Each structure stands twice: as structure tokens, then as C-alpha cells.
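Could you have a look at this structure, given as C-alpha cells, before my questions?
We just call them A, B and C in the order they show up, numbering each chain from 1.
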Amino acid sequence: MKSTKDLAQRIDPGYHRHRHPLRRLRLLFSVGLVAASAAWVGLSFGFAGEGIYVRAGMSRAHGPIADACSRCHVDAFSPTVDAACLSCHTVGPHVPAGKTPPDPECGACHAEHKGRTLLVEVADGHCNACHASHRTITTLEDHAQFPREPRDQHLRFNHRAHLAEDLLQGPLQCGDCHRPRPASPDFAPVRFDTHCARCHAERLHPELKDAVPHGLGLPRLREWATAALVRAFLENPRLAEPRSRPNAAPGRSPGAPPDWTAMLLAKTDAALDALLTPGRGCLLCHDRDAEGIVPPQVPSNWMPRASFDHKTHRAQACEGCHRAETVADAQTVDLPGVQSCQACHHDGGAPTACATCHPYHPRDAAAWR
Amino acid sequence: MPLDTEGRLEGEPLALDQLRGIPVFEGCSEALLKKNLGAVVRRRFRPGEIICREGEFGSTAFYILEGEAEVFLRTPVAHLEGKARVKGLFGGITSFLQSLVRREETRARKGTIPIDAPVDLSLDRPEATLSAGDLFGEMTCMSFYPRSATVRARGEVTVLEMLRNILDLLKRGSKGFKEQLDRAYKERALATHLKAMPLFEGLTDDFIDGLRERVSLVPYEPGKVICKQGDHADRLYLIRIGFVKVSQESPGGEVILKYLHRGDYFGEMGLLGAGKRTATCTALDHVELVEIGQEDFARMMAEFPAIRKGLEETARVHTAENAKRLEQLASVSVDDFLEQGLMQAQSLLLIDLDRCTRCDECVRACAATHDGVTRLIRDGLRFDRYLVPTSCRSCHDPLCMVGCPVGSIRRRDSLEIVIEDWCIGCGLCARNCPYGNINMHGIGGGAGEEGAAGKEGQAEKGGKPAQKAITCDLCAGWKEPTCVYACPHEAALRVDPKEFLIRR
Amino acid sequence: MLLDRSHRPWAILTALLAGVSFLLYAVYASRAPDGPRGGSAPGLAFGIAASVCIGFAALLGARKRRPHYRLGRVATWLKGHLWLGALSLPLVLFHAGFRFGGTLTSVLMGAFLAVYVTGVMGLVLQQFLPRVMTQSLPQETVFEQLDHVREELLAEAEHMVKGEGGAVARPKSAGRVQGRVVESRAAAAEAGPDRNALSLFLERQLRPYFAKDGARRSRLADASARAALFEELRRTVDPALHPVTRDLEALAAQRDQIEMQRRLHLWLHGWLLVHVPLSYAMCFLGAVHALMALYYG
């Protein structure tokens, strides 16, 4: 049995001054690994394009300029400035003139270097930063209903009647009137001449060829009517020979030469009266007040604070959202409910982000109020 | 302090004739006295001068030749709750030691404070008088315990201050000395000693008077078995000096039940019970016992039924406790404990091998603290799950100090053993240390050893390579030594082995 | 470091901080428009907190280089290392938003996770391997001195065979140690028995076994083969030498323990070979990452 002294004294008391191979190996590894990292960082710095520092690749649209750092980073190694973005992109203001617009940098919402993303897809949180009242809307499910209260458009149009199977001229389709307008998300406006006149053209007299022009206004209509009647009488004097002659008018001696002027005025008045008979002629569709025909007020965009693109939804049938065949009056607004949006726009379906419908840079800022 | 800066006893050296003139040296071998002349001095103290202070370390005993001295405790007994904290360099260690002392005081709350003198101090008024013919400081001298009380000269006092070799000489050689000591003890201390124990409070003075002539004082050497488990029980023991280990045999080996010290008694369970010893009692250091015979004990039991009842009650409690201990205690191999000399240690560096990852931080820390030379070697024997690495144990009986020709290895005022700058590099202490804790290191090449402060010439003179002994200095001055402080795994500990290993 | 009760406050604090961080992260992540990003203010805060944790953990190495400085107990530093290091994982993940990012950050995250995993592994090993060593290596010595001790054992065997007594009194092999005690063994030689068989055994079996790589080839390395060999030896030598053969057998067993200690020590410290160098590299790459990220804005 060895004593503690024996055990201790076989140990060289100076052993701790020499680094043990295990510790030497550790030192070697440490130095080597740090040197390797330094070399890697240094080499990548020199050779590897956007290098090892960026989070991920560029967005899809910017792919072609991924290697041209200076297009965006005008000064090397400094953050992008808006001017660089605006050299390619033109965007409108976020708020209508007269209001102080928020002025975030482009990059605040459009974060680049996040892989093959779409920069236009901006998360709702960016909107909520200012539109705090909407912070509670976290999904489209909470979206408010669209404004659909009935309103007088001063144009009576019966969709149901026009879509009826037994229409005199054969049944109509939505697209017969609502034609897409090229290069616009909206439809072209429905026009009397192109869409209505085929059936609803008015004449002053059944034997007069000329259709009453649309949209002249009452004073000019009267002028036009007089001129049209004169032209007609000249071409066809028989028309001017009334069953009751003009001089048979009271206060006139019989046989006296006919008073053409008075006759013409009377004819004109009679024709206009016929046109402006309520429920017929112009007033079949239009309203009339003291000043004449009330201009119809049909908005070209029924959702002024959003942008709905019918073209992108062309795969959907009109009837999927609109119930035109049931609408007989002119006051009902046939906007579909938000539910019909939600049928497709939900988590896992079509996009639900704010900016999907409410673009930050609207084409028509004035419409945003 | 008994030692001056040169390592010699302070005071007036005595010639052989002068020594022989002192009565207590009668009968001592002249040859031996002559050899040990340097180990005793005569000192005179003026009134009010302090002879020794409590808490101090020392290695001498005092024998009063003339005059009276008062012995007292400066630390008020009321300050048990750590208010009397010692500040300064060695505060940590000292307060640790003092806490031990205090704990012992608490145990003796009922009456007296046992001190290292033929008298005991009463608790409410801890003062007593020592006069010519009294010996005090015996335990400090024999086993290097700190001084237990302060002694101050009342009038002009002359004392002999002696080292252990002289004390041994007196106890063995001198005819009258031993008897004188025994008599002094029996007359003055026995009564207080007995009554200090709550159980024996009820003893009448008459009874004690009768006991006085019938008890005997018996010394035991370290390691000596006082009584063995299963032996016939024929006496009751009272400890006057030293430590006694009480242990029992168990299937897993020896199990230590407790340690007893000055003022404790043992052996009553055998006397009360079947007449057989229930445990083995062993002297751990220089022990002196007061032995009370069986008949006297029986008489005591008969005369004082209250004491008997009390004893029986304690015996019953002890038996239950011991049984529980035996059950719980993972057997601590006491043979190892003694064999490895752990009992000697006052401060032991231990490494908990279940925590230690063998990272060697302790050794590097030690080397960093001591100019690149480690004083700790992480190898040695094990005790239980602890490694006892090679690092100074601050032995009770520092064998390393014996024989240093220049007295440079010593204790200062505290626990740690220091090797002073004037070490001549003889290597004796390194040979003497049984545990390999002292190493010799060359100091060539400007390696800034502790001798940097400059004792020139010790290298060149002998023509031998200069070297010095080094040993752990416990990093004195810090709360804990650097090896412990720098152990990342809380595996290194510096402990009092008696406190630590036994109580676990 | 053994995980004992003293770790409880650290664990609670760490869990608390991690919990608070998680709540902050949950709030911040749910509100960030583009999801959590390291470059946003909260993300940056997480990054800074994580680097503070990692930085403190890395300081342990520096602290250990100056073990004698009284800068707080090294054990306390290690506890900080463990728990702040543990905390750094959630902080780093919150900083990164549970993404790896670009090439540099991916490599950095990989290094961090590797450092983390090896650290946890080391901690797990430290829970039980010391105990295994304590139990299975009663003759354990200082790892750094294993080769030295092996040579000493061989020298001891040589002495035994020659009958010069047990422990070795070597001339100051360590250079600076004197005062060695030589304990002579009772089995000292009396001119009598023939030691040739022993010498042969020493040269044929023991010496190769005690050579540097001897444990791999020698039959003595196998406990049962060893017992058989010594049994055979005992049959050939004088019965008076049987005590010597038993001492030799004990030495051979100790030689076996040296190999076992080496293996266990490598297990207990091998993970540091990955943990430490990788953490240096991680700190370097982390610094590069922080610099570039802050510079780019």
C-alpha cells in the first residue's frame, strides 16, 4: 500500500507548465477554425456577388438586376434610397391632395432580399400601423359590409325585364351591355346609342325617319324637333296637310292661307309633349324636373375606396355575385355582399391582405376622399 | 507569542544549575535537561501584563513559580451569536475556529467553561486565579490547540514557559510534579468539572470530597484504545484533556458515533446496563482522563436517584440515537481516517471526486498564485468519495517543524504553516512531513520564489543549487484558498476534517 | 458541473427571463407586419441580449486563464456560463425569428447550435462520468502524468523482479523534488529463489504491455487473460516468489486502469475539443454578422 506521499511524489510538480497534447489540440482547433472562418468571410467578401451577408435572394421582379447592386444601393454598402426605386417605378400619392401624406420609405413596406417574393405583397400590419381603427380586423371575415343602401340614380332600368326570356328582341346577356373597357379594370359605360337605341329609339312621328337624338337637353331638343319637322314637311308636304287644316284654327278666316309657323310650333309642341309623357318616351327611363331631364347619376366605380378588377375575376360567372335577374327597380344597388368575396378570399384561398383591394398607391387618389 | 522572530523562546534562558534549583525539576535526568535547555525560559511579568491571550496559537505551557495570575475570558460569554467577529487578515479562519470554541461553550452552558488550566471558569463570571505551582497551557503545548483563555499577571509574576519536550520531561521524570498536578486538579477542578455537567449538578460537596481521593488521573497516548466494545465496564470516565472518539462495530466496519472532548464523560451506559461496554473509545490525541470506579459510581447512583434517573434517560436517548446513526450512516472507514492521519489535520483540502471533472484548474490556480509553482498535487489517497490531495493539512502536531535548524518553518499567529524567507533548503521538513506536502524547489534562474524579498547568499555559500521548501500557505489573507476559489465545479473544499467527514 | 440544489435560483431566474422574453417575442412577432426580423428594434434588442449572454459565457475562458484573480468564484462564473448560455438559445431564436437567414447567419446559427449541443452534452457527461471514474478507477492519478506514472510503474516492476524492494527510489526524475521517502518492502530479496522466470515474464509480457501503446496489443490488457497468464507464471516460479507475482499482477491491473482513465478522461473532456474552438469561431462570425448588419442598417 502506497502512502499519500508515495503517490504524490511520482508526479512531476512542474507538469502543469507544459501544455498537455489534449489542450494543445484544442488550441490548434481554435486557431484553425477562427482562421478558416476569417478566410471564408474574406473570400466571400471579395468574390461572391451579393455575398454571404444578405438574408436570401432577390424578389422575382428584381431577379434580372440581382447582380447589379448599385442599381439600388447607389452608394456602396448603404441602404437603398427611394430615389433608386422611383427611377423605375411611378407611384401615385397615398392620400388625396391637401392631406399630409405619410412618408415611409419604399423599403419600409417592400422588403427586398427575402427570397423570391412579390414585393407588392405587403402585410396588413403596415396598414394597421396608421389605420389603427382597423387593427381589430385581422381577417377578411371581420370586414364591414359594402355600402348597398338603395339610392336614386335618376335612371330607371329594369334589369329583370331586360334579362327576361320572353324579351321581344330575344333574351339579353349581361355582356351585351356591360362591355369591358380596354386597359381598365372597369367596364365601359353603358350608352344609349349603342345599347338602348336598338329597341328604345324614339321618333317624332311614325313616318319620320330620324330618331330623336339622345342627351341633347330640352332647349336644343326643341330646336332639333322644329328643324326635323320642317325638313319632313318639305320632303313630304302631305304630312303638312293635316286632317284639320291650319286655317281652320279658331280666330282664323277659312280659306286664308295656312299659318305655317303656328302650325309648325304646334306640331313641335305636340311632338315634345308626346316624348315627355311620364312613363313614355324619355321619361320611360329619365326623370324630369323644372329644368328639364335630370342627368342620371350612375357611378362608374361602385366601390370608390377599393379597386375591384372584374377582369381578374372573369373566370367567375356574373350570376355568381350579382343577382340582376331579380332586380326590377332602379334603386336597388346590386353590389354583392362581402360574403361573396369571402367565398374565395379566405386563409388558404385567394389573398386576404388589405392591399389586395385597397391599394396603397391608388390610380385615383381623389376617390379616397 | 512565545517565539520571537528568530524562532526562539522569548524570555530569560536558564542555565542548568538554575533549572536544578527549581523544585519541580527534581528527579529529572540531568542529561535530558541539558539537551533541552533551549526549550524552557523564565519570564517575569509586571502587574497587569498579559501572559497569554485566548485564541492565540502557541506551543508552550506555563508553570507559575511565583505570584498570582488571573485567568479570564475577554470575549464576553453573551456574545455567542457571532457579534465578536475577529476582523483583519486571518478573520475568516480565526472566526471559524472561534465558532468551534463557542459551540463548546454553549454545550457547557449549565455551569462552567472548561479551560486549559487546573481551574474551570464559571459562566456568569468567567474569572479565576492561578497561583504558584499551577501549570496552564498544557493542551496548547501538547496538541497545539489555540489558547483557551487569557491570563494576566495580578502582581509580579514569574513563570516558566516551556515547550513540549520539557513538559514531557516533567511529567515523566519529575517525582512530585505529576502528583502535584493531579492533586491540584482534584482539589480545585474536579468539583466544578463534575458539576459543570447538568446531570451531576445535584452532587453534594460531601460526596465529591469523598470522591476526591478515590479517582485517578490517567494519561493516554494518541490512538490508544481506552475501552473496547464488549469489554467489562468497570468505570466512568471524565475527559480532562484531549479528544476521544466513540465508535461502534457494525457490519460495514467501524462507525463513529461521536467525538468527546474536555468536560465530557463517557462509560456510563456500560455501567448502567449489562455491564458491558457498548462502544469503543479511543484517544485521538494526548488525552488525560479522570476515572471514577464502579463502586463509587454505584454509590452515586444509590445516593442520588435524580442523577440515576437522568443518566438512564440520557442513556436511553443515546441508545436510540446510536441505533439510528448506525442505520443511517454509510460506514465511514475510520481505519482509513486514522491511518491517513486525517485526524491530525486541522484544515484539509478535499476534492469531491463525484463532482471533480479532473480539469486540473486547482493546480493551475495554485501555480498562478505562487509564481508558477504549484503547492498542490492532485494525487493522493482517498477517503470515502473524497480525494485527499497533497496539500498542507495544518496538522495539530506539525512534525515538519521538528528539527528545523533555523526555525523558518513555523506557525505565525494562525493556522497556516509558513516557511519563512530564511529557509536554508535543507529538506528536513520535506522528509519529516508524512504526507508529502512539502516540496523542495530550486530558485535558480530568477524564478521569483517567495524568497524574492531577498536573503542573499544562501545559494552561493554552500555551492549547492539553491532551493527552498515550499508548502501550502492556505492562501492566508483570503477568505478561501485559490484552489477552492478557482474550482469551477465546487469540488475542492478546505475543511476541518473532524467537522466535515464525521458529521456527514 | 454537478447540477445540485445550488442551481435552483439560477434555473428559476433563467426560466423567468426566458418566459418574459417569450412573451415579449410573442407580442412583437404578432405585431410585426413582415414577421419578426433581427433588424427591427425588438429583434435587435434580442440580438444584443443574446450576445451579452454569449459574451459572458465566452468570458469563462478568460476567467480561467487568471484563476488567481479574485473576480468572483470560478464556480459562480461557471454557473453563469451554464445558465446564461442556456438562456442564449431562446434569445438567439427570438432574434432570428426562428429563421436561418442568409449564408453567413445560417453558418453562424449552425455554429451556435453546435456549441450549444456540445455544451449540453458536456454538462450531461459531467453529471455521471466523475462518479464512474471515482468508482472504477481507485488508482486514478493526474491525467497529464499518466505516461510518466506508467513508466514509474514499469520501473517499479523491474525493481520487484530484481528483488530490490517495492517502491522506487528514483534519482530526482522530476528535477526539483527531494526528500522522497523510500518504503522498503518486506519482500526484499534473499539470495534464494531463482528469478529467471520472473525476468523472462518481465521482458516478454510486462515490458511490451507497459510500453506506450502496449495496452492495445498485449494479452495482459484483458482481465481474464491476465489472470491466466499470472496463474501460469505462478506455476513456473518458486512459491517464495508468489507475493512478488501478486504485486506484479496488481501493477498490471493498474496499467489497465491507466488506459481506462485515459478513455474516461477523453470522454469527459473530448467535447471541449468541439465546444471551445467552435465557440471561438462563433464569436468571430457573430462579430462579423453584427458589424455587417449594423452597417447595412
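Keep this in mind: contacts are C-beta pairs under 8 Å (C-beta built on N, C-alpha and C of every residue); 3 or more make two chains touch, one makes a residue touch a chain.
As the structure is a computational prediction, the values presented were derived from the model and not from experiment.
K.L.:
Among line, ring, star, complete and other, which best matches the way these chains touch?
P.N.:
Its topology is that of a complete graph.
K.L.:
Compute the centre of every chain as the mean of its C-alpha atoms, then state which one is farthest from the centre of subunit A.
P.N.:
B
K.L.:
Calculate how many whole Å lie between the centre of subunit A and the centre of subunit B, each centre taken as the average of the chain's C-alpha atoms.
P.N.:
Result: the chain centres lie 101 Å from each other.
K.L.:
On a C-alpha centroid basis, what's the spacing between subunit A and subunit C, in Å?
P.N.:
70
K.L.:
From the mean C-alpha coordinate of subunit B to that of subunit C, what's the distance rounded to whole Å?
P.N.:
Whole-Å distance between the two chain centres: 40.
K.L.:
Give the residues of subunit A touching no fewer than two other chains, as numbers and ranges.
P.N.:
3, 5-7, 9-11, 13-14, 16 - these are the residues of subunit A that touch more than one other chain.
K.L.:
For subunit B, jot down the residues that touch at least 2 other chains.
P.N.:
Residues 360, 364, 377, 379, 436, 439, 441.
K.L.:
Please set out, as single numbers or ranges, the residues of subunit C touching at least two other chains.
P.N.:
Expected reply: 141-145, 175-177, 181, 269.
K.L.:
What residues on subunit A touch subunit C, complex-wise?
P.N.:
2-3, 5-7, 9-16, 18, 20, 22, 25-26, 29-30, 32-34, 36-38, 41, 44, 51-56, 77-79, 109, 111, 113-114, 122-126, 128-129
K.L.:
Show me the residue ranges of subunit C that touch subunit A in the complex, using the header's touch definition.
P.N.:
31-35, 101-105, 107, 141-145, 148-149, 152, 167, 173-177, 180-181, 183, 266, 269, 272-273, 276-278, 280-281, 284-285, 288, 292-293, 295-297
K.L.:
Using the touch rule from the top, collect the residues of subunit A that touch subunit B in their complex.
P.N.:
Against subunit B, the touching part of subunit A is residues 3-11, 13-14, 16-17.
K.L.:
In their shared complex, at which residues does subunit B touch subunit A?
P.N.:
340, 360, 363-364, 367, 372-374, 377, 379-381, 388-390, 433-437, 439, 441
K.L.:
In their complex, what parts of subunit C are in touch with subunit B?
P.N.:
1-2, 6, 64, 66-68, 70, 73-75, 77-78, 126, 129-131, 133-134, 138, 140-145, 175-179, 181, 265, 268-269
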